[in-house]
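What follows is a group of structures, each given as structure tokens.
You will see two complexes here that share subunit A, one where it goes with subunit B and one where it goes with subunit C.
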Partner chain A sequence: MRPEPTTTPAVPAPRGEDASIHNIGYRHYDGPRLGRSYARRSLLTQSLRGAYGLGRSAKSKVLPFVLLAVMVLPAGILVAVAAVTPGAKALEVQYTEYALMMQPVIGLYLASQAPQSVSRDLRFRTVPLYFSRPIERVDYVAAKYAAMASALFLFVTAPLVVMYVGALLVELDFGDQTTGFLQGLAGTAVFSVLHAGIGLVVSALTPRRGFGVAAVIAVLTIPYFAVTTVQVIAEAQGSGGAVAWLGLASPGSLMDGFQSAFLGAPTGFPGGHEPGTAVAAVYVLVILGLIAACWFALMGRYRKAGL
Partner chain B sequence: MARPEDHYGRSVTVIATENLTKRFPRVTALDRLTMEITPGVTGLVGANGAGKSTLIKILLGLSPASEGTASVLGMDVATQGAGIRERVGYMPEHDCLPPDVSATEFVVHMARMAGLPATAARERTADTLRHVGLYEERYRPIGGYSTGMKQRVKLAQALVHDPRLVFLDEPTNGLDPVGRDDMLDLIRRIHSDFGISVLVTSHLLGELERTCDHVVVIDGGRLLRSSSTADFTQETTTLAVEVTDTDAHPDGTDALRTALAGAGLAVAGSGEGGLPGAGRVLLVEAADDTVYDTVRDTVAELGLGLVRMEQRRHRIAEVFKTADAADAAADAARTTGTTEKGGSTDAA
Partner chain C sequence: MYDPTVARLTYRALLGRRRALILFVLPAVLVVISVAIRLLVGADDAVATEVLGGFALATMVPLIGVIAGTGAIGPEIDDGAIVYLLAKPLKRPTIILTKLTVAIAVTMVFSAVPMLVAGWILNGNSQQIAVAYTVAAVAASIAYSAVFLLLGTVSRHAVVLGLVYALIWEALFGSLVPGARTLSVQQWALALAEKTAPGANIASDVGLPTAVVLLAVVTVAGTWYAGRKLRTLTLAGEE
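What follows is the complex of A and B.
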């Protein structure tokens, strides 16, 4: 089909002596083509590295790492406090509480990185180049989603590791700490998948980067403050039973209720109203539903963005 | 239908479609399109909305056909899309480059997306960028590139995985005349030097005339004509000659016309009626190579400046000039220049 089939050893072209040594001509590629799953993995790696500015300009590394430092700093302080407090039984903040306590920082990180992960490809219309290659829409969305969730997971886990290692060094109870740490990891995993989905969907729907950043922050914070306010009012009005139900309405309070119901976390809800068994089940359904909704919204977004 | 075969008995059809139809809720983008494309550079011509992009989408296995079948490199578009996309390159018409990365980084990434291992991706990127004519600038962010350089990067990402076939969608869009010529030369080389078949779309017929071995014309989703460029254009060998005026010859064109007629050559007015300056172009019937010398010598004797002297072939555009689609168009392309030239002279 081509003038020099790659399968047959090509006779050296008679361009020999008089040709410039710099012109080595076109060479065909006979090596392996690793296909769809390799391309998906490569995209995941590239996106995950990109979420920390790796493989991008020096400037893009600043924000992720500054935020990461801000994220880890309180964990170091908690360990230091435990170290200087005689007879400390536990860290002042539990592993499961940490992510909720640090929500603004995590929100900033997500708002800065989710748009760069997805909006760039959409804004500069690079998406069709991906889809003209072996990977398909589902691969692209899966790789981007997994990369963002992993980046968030690492971001939230880093301080937990500091706390855990520190706690063991100051000789807090090994069993308690390990249980708490594992619960923290489980909570973080759910937190990361949920928030990565929300961050990506909001970014993908707002291709202008500046808007994307603002939109992600808005979606994460406004409902949270609204829910917290209404919860306080509900509690003050004596309808404490509504507090847990109200918690379903924002990603932050959703995680709070979920962790207190399943991972033994202390709740931040006013009046300490933890979700009961029935409400807890609804929490799980809502979280799963939100994640699924994010997935399908992303898939739908890229259906339009194809060639 | 008998498929063209090479001497090993393998089918050498690069693209084959059979009754390919694509219907959208409101329009029929492709209407029972049956064609075969052999290795080489093939031009796909059609007005906007003629179904070019729909066809490329189907051929990449990204959009199912409503009816009919199509195969690319012997693979069925309906079932082997991923296999096709592994061995096919695609250069979109629109901008598709992120401005904040360098050409090297971007093309390496795209090579890996096509399945090349990391080391091979880097080597092929360096090679490919050199072949498309990007050198030192490849380490700078793409945002600072000229349109011509961006087009080269777009082409490089389509070639980096050494495809057997590339789809180039309007590759000369937005280029200045020099950039356009460079790009057309590059497209020729993709086949002649790299051995990669090319399907190139354009709505500028003149470009395809110069670049393609074969031209497929679609209109309203239907095949209007598919034949070799030679069939379209080579029946007439006419020289287009344009000269300057001098003090001695205030109307250089007219002086040359008289002189050439005196030398026994058949000279007519321009066939490019309506265009500015069209009246200044003389068409000379070039029976054999000595005509070139005669024209050159005559111009020199008159002391005129020779602005251009080029083969003016029958243009593919003439396919569209006739009212009746396919048959009449075929006739038009075979008719000798006289009727067409006569008409244009009247217009001018």
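What follows is the complex of A and C.
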């Protein structure tokens, strides 16, 4: 029960004195503004750390690091084998071959991390918040793309470093190993940029993480298995010349052909049909075209995202 | 044990909007490849076995199984919408059975039917190869759906785990370690195909009785445990 007012009804306050808006001390911010490049750099580091679960919950660190361990383990075994074998001249697997050999693991890593990098922003509608900072669409896409490509590059390079250091400790030929290692790094760089683009585009299309994961894997594996099947059949039917052309149709076989043409890698194509000079040029064009297409697809995707 | 409303919602979650796209693309790739090979090579039983066994049954069926099986329940648990379903007076096993039915139906439509079509295109079902692989795809759809639905209730990373099983265990380990093939849905399904088309060159590492028993056990046990799991479900917050 509210107590009845005992006194006379309140006198209206005299105008102009009490009825003012109180000044409670809000100030303008006069300090330095960190600006666009700082925001872009922060987004890059945050996305890169996020790709390994750093700065996220303990649970989300498990998967990337388990996959990284699985990725590095065979490299360790290769070094151990070289150390035990007397008179070993080289590692069993070349640096350029390694990424192609471990494609399922790399695919799983990409499929698990690309959606977490972009799908969650879309799903929880945080994209408009990013754009309320002084960054442009170009900065967001560039930061996410660069972060994913660097994360992939680190993921694939880690075992190569293990192999290189191990090979030098076992005292294999320094020149050979360094050349192979550098070739491996070059191949890995192209590999990372291409695959990061594909993974980001596919996962930016769906705000559902689960579907993103499955879609990325599907885009990476289905064409690869389809290409391999058709290549085997083409080889068995005696039309080996078609093998290199068929390799253009999937990201995995694209990298295989590219590395065997330019980085002296042994090819995994059936019948060992490496792409010739003309086909090799087409490989480069297709890789560059795919990367550009991924970039523009991402830019287009974020034109209206979340608004 | 089957609730039409839950089924309708699950169908919509699986096939709504762009999600159906990936499900349509996979069979389309298979049919396009089959047409191309038939035109280039002509009808050849060995080629048909290679395409249907090496590509379709080995990669397409498990992938569709992962998408349909985990997609039937995973996203709902993920975003917490499952609470509204669990709050309805429905038995948890009913929910699971309904979702399993839907997942099996979707997997079959998108894997077994294109398999039959592709087999027919490749060699006109000579030596029963098309029918054999369709039988295998049907059996595999049921087992994969049950396994991946269970994964969807157990873990938030169900899709990744499912893919690890399908790609690393069945494809990679299966080709390296013979023992891994005994515990592979793909090989159990192949045993059925082997029986259906005795003349064709289809080989499985598992005997038919073992395969049938294991398929049944995995399906029933997976469904039962998924039902149990749903009764004690704890809703995890966003990471």
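Throughout what follows, the second predicted complex is superposed on the first by the 275 of 307 C-alpha atoms of A that agree within 3 Å, B and C clash if a C-alpha of one lies under 4 Å from a C-alpha of the other, contacts with A are read in each partner's own complex, and residues count from 1 in each chain.
Please note the rule applied: contacts are C-beta pairs under 8 Å (C-beta built on N, C-alpha and C of every residue); 3 or more make two chains touch, one makes a residue touch a chain.
It should be emphasised that the depicted structure is a prediction, and the values quoted were computed from it without experimental measurement.
**Student:** With both complexes superposed on chain A, which partner does A:132 reach: first (subunit B), second (subunit C), both or neither?
**Tutor:** First partner only.
**Student:** Does subunit B (first) or subunit C (second) touch A:36, or do both, or does neither?
**Tutor:** first
**Student:** So, does A:57 touch the first partner subunit B, the second partner subunit C, both, or neither?
**Tutor:** In the superposed model, A:57 contacts both subunit B and subunit C.
**Student:** Once the structures are superposed on A, label A:213 by its partner contacts, choosing first (subunit B), second (subunit C), both or neither.
**Tutor:** second
**Student:** For A:112, select first, second, both or neither according to whether it touches subunit B, subunit C, the two together, or no partner.
**Tutor:** A:112 contacts subunit C only, not subunit B.
**Student:** Show me the subunit A residues, by the header's touch rule, that subunit B contacts in one structure and subunit C contacts in the other.
**Tutor:** Subunit A residues touching both partners: 56-57.
**Student:** Taking the complex as given, what residues does subunit C use to touch subunit A?
**Tutor:** Result: residues 18-19, 22, 25-26, 29, 33, 36-37, 40-41, 46-47, 50-51, 54-55, 58-60, 63, 66-67, 70-71, 74-75, 78, 157-160, 163-164, 167-168, 171-172, 239 of subunit C touch subunit A.
**Student:** Residues of subunit B touching subunit A in their complex?
**Tutor:** Checking each residue of subunit B against subunit A gives 6, 10, 12, 14, 39, 53, 56-57, 60, 62-63, 73, 82-83, 85-86, 88-90, 92, 94-101, 105, 109-110, 112-117, 120, 124, 127, 131, 157, 161-162, 164, 193-197.
**Student:** Note which residues of subunit A are touching subunit C in the complex, please.
**Tutor:** 56-57, 59-60, 63, 104-105, 107-108, 111-112, 205-206, 208-211, 213-215, 217-218, 221-223, 225-226, 229-230, 232-234, 236-237
**Student:** Which part of subunit A faces subunit B closely enough to touch in the complex?
**Tutor:** Against subunit B, the touching part of subunit A is residues 1-4, 25-29, 31-36, 38-39, 42-43, 46, 55-57, 120-121, 124-126, 128-136, 306-307.
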